[in-house]
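For reference, the structures are reproduced in the following blocks.
Shared between the two complexes below is chain A, which has chain B as its partner in the first and chain C in the second.
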Partner chain A sequence: MGMFLGGLLLLMTTACSEEDPSSTDTAAPPGAPAGSGGEEVEEQTEVVEGTEVVNIGFSGPLSGAGAYYGNNTLNGLTMAIDEINADGGIEVDGEMHSLNLVSLDDQYLPDETGANARRLVQESDTPVIFVPHSGGTYATQIFNEQDEVLLASYSSEPEITQQGNDLTMRIPPTYDAYVEPFSEYQMERFGPKLSMLPPSTEFGMDWAEELKPVWESLGGEVVHEGSVDYSMDTDFFTVVTNALSDDPDVLFVGGSSEPTAQVMQQARELGFEGGFLIMDQAKLDEIDNVLGGAPDVIDGSVGVAPLVYDIHEGNEQFIHDYQEEHGNDPGSEAGYHYYAVYIIAEAMQEAGTVEDAHAIRENLDDGLHQVPEDKRIYDVSEVDEQGGMTTELRMAVVEDGEIELVDFDD
Partner chain B sequence: MDVLAQQLFNGLTIGSVYSLVALGLTLVYGILHIPNFAHGALYMVGGYVTLMTMTTLGLPYFVAMFMSILVVGGIAVLMERLVFHQLRHSPPIHDKIAAIGLLLFLETLVQLIWGADYRSMTTPFDDIVSFLGITVTTQRILIVVAAVLVMIALHLFLKKTMIGAAIIAMSQNREGAFLQGINANRVAMLTFFISGGLAAIAASISSPINLVYPGMGHLVILKAFVIIIIGGMGSVPGAIIGGYILGFSESLGATFISSDYSDIIAFVLLVAILTVKPQGLFAKGAH
Partner chain C sequence: MSMIKRNRIALIFLLVALMAPLFTDNQYYLYIVTLSFIWTIAVYGMNLIGGYTGQLSLAHAGFFAIGAYSLGLLTVDANVPYWFAFVLACLITTVVGFFVGLIALRTKEHFFAIYTLCVGYIIYLVIYQWDELTGGVRGLIGVPPPSPIGPISFESAESNYYLVLAFLVLVFVFMKFLTESLIGRTYVAIRNSEELAQTIGINTMRQKLVSFVISTFLAGLAGALYASFVRFLGPEISYTMTTFDMLTYLIVGGIGTLYGPLVGTFLIVTITQSLQFMEEYRMLIFGPLLVFLVIFYPRGIVGGIQMWKAKRQFKKRQKMKRTSSTSTHEGGD
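Let's look at the complex of A and B:
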């Protein structure tokens, strides 16, 4: 019996630790089996012979609950690195260098990310480490300045660039920029009563905290404040029933696309006819895919613009190549990671070093402007003082079952 | 919408799924005397087999479910033959390690074959019906009805057939069962088959209201562990009652107390029940 409880405890610890704060968290059910993370994944990129090799580090969820998301981020990195190497590499300080991706699995656990990042620095001497979640970002920020390694974080948490870490690069836009335009749009279209049902991750809670005062200052009313725990709730009908009991006009949902889609569908099944205000983590096109095309479910939603609805000269080739290689549409995590590799590669050339993380960091903004036109996946205007990429934002709305992009000013 | 009625129905739906999973777990406990950690993986494989049979072979839902019962039951029997049977003379800790190994193996295997993506299972039962102030999909009614039918069938099987009686005899006293001439190998394999089949049914009926992905088993198995502790390890009625207790406590707790506390409620319940009845509601052997 005692042994069994031990085992149960083991399972439960994994389950709980899975709910780490992460901006781009996927469903995070207690997926990650209790095992040792940090297993090296086979080399995915080929280096060019006769060149110096620069190792690029990555620590993200490649198995367990977040595996789908983690692999998408890795796809973006791999594609960019392969392309750069296929072109002969980068010339830094008169010498040709090719990039080599070293990826480690952290199963979405921040402590594993920390251990992995240490290992990447010590064993592979990586000048840059990509970490696609905020929990792991915080864990790495504890020592990345001391170890002199540039942390390229894919997290829309504003705080990661606000705490004065000199070697952090934030890849996606911060989420706080979405709150007001989303609220204005939905309040005007559906009405002032908001019911909140964010995921119970730290990121979801932060979003909710940001949203509530904005919604109220616009003259709205928050009629229900709940949350949904994707890692513990086996069925969402219960929480959705409660969220709809006060007859709201707008429902705030989010998390990774798949469970969010499920929550939205169940809200419709329970007779909800209002609009959805969707956190920046979930993507409308993915939600539509999960539901197998459900225009009546997503109609009346507002969310971030899906990459494939935002095709322009800079990302046409990338989207085409990605679809060819992987057989599905790239999400923003793949697109942003792809772009970030190019920015860093250019920054290394500008800085004239592949080792000095400080110099690379200082040249990120210059690097950004050197990226070839056809690699500019997003409309990024600068890498700001704090290391955040500033992206021109638009939002996606669903009208008559069609996803359309709207500028924030409209 | 009548919130109380709605939540009672929600509790009934989720309780039915929990009960089915817990039943498989509790039956195998009778043979192994350890909880089969790999049971959640069987549940997950069940969801995948049903989904893939439907999407790649184009077979109807119920046929796919039947296939899934056979496949997962088969995997469970193989597990018994190749792993647990070989370990029958080893200390219990070996069984536990083996079970966790199997869990990791099956999960990785599924991820390797079908990838880590979330998939949704569509069934013909997505019509919405309203009655008595509640709104449900036909799939949810199907869950409740199917679960009850399976439980009745299992009960009849265990009580009215010789093989069923042999399973119960084995779980009550293994040596005694041997002395009565019960073929332990056959009973063990059969028990594993039923356990796998129950996991497959539970996964097949609940996947349409949820998603299919490699980690889907963890969520349910954790609750199933709680249920068999509440109900009494190895007890069949305990697993059923425990499943519904947990289902109702989650849905009503989330409504009338707080959704943040719905899991705490389940665990407080666990503590309270174990304090009063340390062996669980139905002590082992009281079939």
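Let's look at the complex of A and C:
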């Protein structure tokens, strides 16, 4: 009994000990700022000997249902930080600094993100924290201005930058940018009747809410409004049958690529011959891979441009390195996070500080334009005044079984 | 003086809790401890109906969420002043608890647990699906912090900590008086044997209902505090897993004991944080730990300590008895 209690007390003491975390840091070199790294937090990157260490925080889903997504985002961060450190780090105000990634798992739960973000600030003194979901972003926005930490959010929810948080950076484009071009293309190609079957997630609901008025304003008609819960359902025949009952021309689907592929396949098996309008979470190339190459299923789809179908000077090396390191194609989560690290690193150099989050935030746009040509994964024109990255978008369409990229202007 | 002596453990707890923010400016520690205090209040509610009255309610996360969402909706959408909304949130939860209890308490034991599990799941579904009201999967954003009371504002982590601590102290004192009163003994009598309690004239249905309603009030109170502390609400707080988390805190700490919710919640919340690097593999530690406790210490850590103390006192008494009988015997010679 005594031993058992002792063990529990020991764990409790460990959890609440006031010891300086840097004293147990194996990764941080001598001279690292106090509070850099820590025994209880995970570190993925190697820092450069003899440089000051700047901790970059991350709180995302690394276990549970969102682990695959969370790890993809983390892969992009890790690759960028490793590359920057391999090149000797960054020179800020005449002094060399290397970056160290400190990641924590929040299982997609906003209160866990809130706890993690506070922990990252307190124990690792992170000037920047990456959060790849909107719930966690909102939970962190409650205190990030007060604690003066830059929040780099991977969420296409427009509201995160519209509510006037001075220390938020939105990495991906907002989803509303896709709605009109996707709708115009599919209505012209297949017809005006739309059936909506988004995932019953925050993102899916937001997309549906944005899509419906746009579709109707273009002269279309929404014949079915349903949703599918990927966390509960494993067979989609019932919901897909309902969605197809009014003979739609276009079916709106989305969510993770794997279940989206199944929904699309089942729709085809039920005789659907129209087009798919796919929200920006699922990727056409991944859907094609899940289905083992099924051009007849994905034909007539419109979705976001997969990174590997949009190879140019800026992302060629990244795609090659990613494939070599991870054995699969990088998605936009990895690509955008990779790019964002470079933008922030350049912004730190422009601002002449690795600590002042306000100065870093003010120099993000200048930092963006300093990113080397071969690291510009996407065609980002600016980081706007609200902190959102403005990306020149293209969409992917499937015609005759082939994925092709189309500029929005076309 | 004897009162202080009798309550010395509680006073030590209180003293440590009051002093804690003076020794650390680490906002993360304060956040975690404050969160554990909020869960403790909810677990006290579960302890009252499950531990003392013997009716295991598995709708507790649902009532917690009703309290949280009531406060959130009243302040965000209806612009009701914070403290008025706070009181209303507790009242709404209590009223819902009363009506649920009226029906649920017609069932017993396993059936009561299954029935309340279903009620909890229905509450979750309502929050999840009724997105016009609750925001559904999007959640509820921008719940305000508690309004200032006179010159005291609750913007900082320290002030939030002391506010939640004050509520926890009130709940602890209330639970202490309740469980040591005749009503508390009535609950224990119902737990031990409902039939026997009826034969001695206890209106068991009424007492169980009162206990259930108080437990939902405490869940609602904790939910309202949670809403204004985290300031973002998602439907996952009402999910059955949250109920089972609370049950774990209670079992580890000690079901049917006064200190159990306090010890169990604090330990599990802090251990969960300290083992965060293990991600989902944390369950490899919690699973066997729980099995070990249920087998060897079914009344948890606090129950185990009480049992150990009781045995020690019993042995001491036996020893004293033997000594006095020996000396009496020697005297008789």
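What we mean here is this: the second predicted complex is superposed on the first by the 368 of 410 C-alpha atoms of A that agree within 3 Å, B and C clash if a C-alpha of one lies under 4 Å from a C-alpha of the other, contacts with A are read in each partner's own complex, and residues count from 1 in each chain.
Convention: contacts are C-beta pairs under 8 Å (C-beta built on N, C-alpha and C of every residue); 3 or more make two chains touch, one makes a residue touch a chain.
Treat the numbers as computed from the prediction; the structure is a model and nothing was measured.
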item: First (chain B), second (chain C), both or neither touched by A:G114; value: second
item: Partner chain(s) touched by A:G135 [first = chain B, second = chain C, both, neither]; value: second
item: Touched partner set for A:S231, first chain B, second chain C, both or neither; value: first
item: More chain A residues in contact - chain B or chain C; value: B
item: Touching partner for A:L244 - first (chain B), second (chain C), both, neither; value: first
item: Partner chain in contact with A:I278 - chain B first, chain C second, else both or neither; value: neither
item: Touching partner for A:S63 - first (chain B), second (chain C), both, neither; value: both
item: Chain B versus chain C as contact partner of A:S200, first or second or both or neither; value: both
item: Contacts of A:D105 with chain B and chain C, given as first, second, both or neither; value: second
item: Partner chain in contact with A:G292 - chain B first, chain C second, else both or neither; value: first
item: Doubly contacted chain A residues - partners chain C and chain B; value: 8, 11-12, 14-15, 63-64, 200
item: Chain C - residues contacting chain A, complex; value: 23-24, 26-29, 31-33, 35, 128, 131, 136-139, 141, 230-232, 234, 236, 266-267, 270-271, 273-277, 279-280, 301, 304-305, 308
item: Chain A - residues contacting chain C, complex; value: 1, 5, 8, 11-12, 14-16, 18, 40-42, 62-64, 104-105, 109-111, 114-115, 118-119, 121-123, 135, 138-139, 142-143, 147, 159, 200-202, 204-206
item: Interfacial residue positions of chain A with respect to chain B in the complex; value: 3-4, 7-8, 11-12, 14-15, 27, 29-35, 63-65, 67-68, 71, 200, 226-229, 231-235, 237-239, 241-242, 244-245, 258-259, 261-262, 266, 269-271, 290-292
item: Of all residues in chain B, those that touch chain A in their complex; value: 1, 3, 6-7, 10-11, 13-14, 17-18, 34-35, 37, 92-93, 96, 100, 103-104, 107-108, 111, 115-118, 120, 122, 128, 135, 137, 140, 206, 209-211, 213-216, 218-223, 225, 250-251, 254-255, 259-260, 262-263
